[in-house]
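Per-chain residue numbering starts at 1, and chain names A, B and C are given in the order in which the chains are listed.
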């Protein structure tokens, strides 16, 4: 059984159908990178997996349980599926420590005494332990995004979603975030990424999914897809990003 | 005791012209002072900034009612002279408007980007010309919604002139209410007249504000 | 043209009581008005259509008519419905209703300033709607409304002076009373204005200190 099973998922915003029947399996330990032009439905698919968007048709199952938007299920789902956003979305009024420990303490994953140690542990994994008492606005974009990743890690998720996490960063700050993600991949975290970083996709991903017009157009290993694209759409996409 | 008739309604509308006179007076006297205060607040000369700041703090820290009483009852007694009601009330309202408008306009002027001053000064024109032709038009656009918002506050504020016996709309309402013993009817009519004046201004101010935010 | 503040000393106790009543009246209206503001902001957002329409009308009517007329309506009109309130109570009710209309708008705009992405980030961490509001939305929203809320509070403090027009006992009423006894109009109103000014400055100072202590996190400018 795959960790995430996506079956014929449909999603519309008003008259605009963004997902037109998407099916996809994500297995434990896989690094799945979703690529495609903007508007192809990549981010929407990602947001459907942890129910930030509600699907209109089809089904998503995470660890065998259907993703639904009613309350109790949602809380459990989101403790298992973390997401990192393009715009970091750190909480400006909380220190780095509190940003990280807020959810674990509130959801009962950690108590107040252990919380600081938890924050230190996850911050060490992203190389920012010395920033534990800083406020988000005192950090660079790259540092903020690494804290956002640490915040996610603190929930000990089984799956992490990355929604164009380097797109809002200055070019010189992209590397530090990608390095953290590479480390996580090496440690066996299951990850689904939407990204424009093709180098990262090629080197780290175990599976590439090319989305086009709301559908999974092609999928395969990086070497298969990049060396030998089967469809003209993927060919033109690859040539456009080179 | 008698009933509220069209002639009462007529007297309310007659008093309305005094409300309008008060508003006009407050703006005519207050606006130049407000402009001076706004410019003093952004002046390079520190004592000017302090004086303006102190004046604004002082007037905005006193109830309008207090200003009215002070200028209407207090000052004439102190000076030992007779002052026509309209003069005393006019001074009080001018002081009131100048403080609020001065603060609003200072905000407008400071909201114009510093680069605009620099660009203007690079044209080799005087500082006043920089203000008059480059900064002021932009500041006015920014400050207009709040200025109209203050106009609403001022119209409502003129009701307090009734307290010193000035027969404007609110005072006319009191008189009609006392004569007819129909406070609900009379004050509702009075409130409706104020509403009819203020609400369109509020809507206008809001739409200007929305347009301004949209343009940014 | 001679100044004589001496006579006013005799009325020191009355002035002190006036100050206490003014602050009390302000406090009552601020607390009740804020409660109106909170419920109004929430209902105005998620309540049924007629309720939203009612709240909208309430805000517009209060904000576009003079508080003096509102206070007259409450004081002179309620007795015709058999509800006779003493002046101070009537003034408290009228000023609460008055402040509530402004509080709704301020609180609503404060909630609107919190980006959806913040709420989403909270939700994605498994927090409930209440937890998101309590831990993520509330503090930044309070910070955003703090300047307009506190300046509205000062306007309320000054506005309570109109309660004197229905003979509610507060500072301004004290002033009128002392004036009628001493005929020292200039000195009395100078002192009354000075006390209001001192109160305003004291509250502004306190708000500045509280704001600095409560909102320490840095923000982007």
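One rule holds in what follows: contacts are C-beta pairs under 8 Å (C-beta built on N, C-alpha and C of every residue); 3 or more make two chains touch, one makes a residue touch a chain.
Predicted model only: the values in this text are computed from it and were never measured.
Q: Going by C-alpha centroids, which chain is farthest from chain C? Tell me that one.
A: Checked the centroid distances; the maximum from chain C is A.
Q: Any idea which chain sits dead centre by C-alpha averages?
A: Per-chain C-alpha centroids compared to the overall one single out C.
Q: Which whole number of Å gives the spacing of the CA centres of chain B and chain C?
A: Computed value for the inter-centroid distance: 21 Å.
Q: Roughly how far is chain A from chain B, going centre to centre by Cα mean, in whole Å?
A: So the centre of chain A lies 55 Å away from the centre of chain B.
Q: As a quick test, compute the distance in whole Å between the mean CA positions of chain A and chain C.
A: For chain A versus chain C, the centre distance works out to 47 Å.
Q: Could you pull out which chain A residues touch chain C in their complex?
A: My answer: residues 50, 52, 71, 74-79, 82-83, 85, 87, 89-94, 102-103, 106-107, 135, 137-138, 151, 155.
Q: If you look only at chain B, which of its residues touch chain C in the complex?
A: These residues of chain B touch chain C: 57-58, 60-67, 69-70, 73-75, 77-80, 152, 156-157, 159-160, 162-163, 170, 173-174, 177, 183-184, 187-188, 190-191, 194-195, 198-199, 202.
Q: Tell me, which parts of chain C touch chain A in their complex?
A: The touching residues are 117-118, 120-128, 131, 135-136, 139-140, 143, 215, 217-220.
Q: Sort out for me which residues of chain C touch chain B in the complex.
A: Touching chain B: residues 1, 3, 60-61, 63-70, 72-73, 76-77, 80, 154, 158-159, 161-162, 164-165, 172, 175, 179, 183-190, 192-193, 196-197, 200-201 of chain C.
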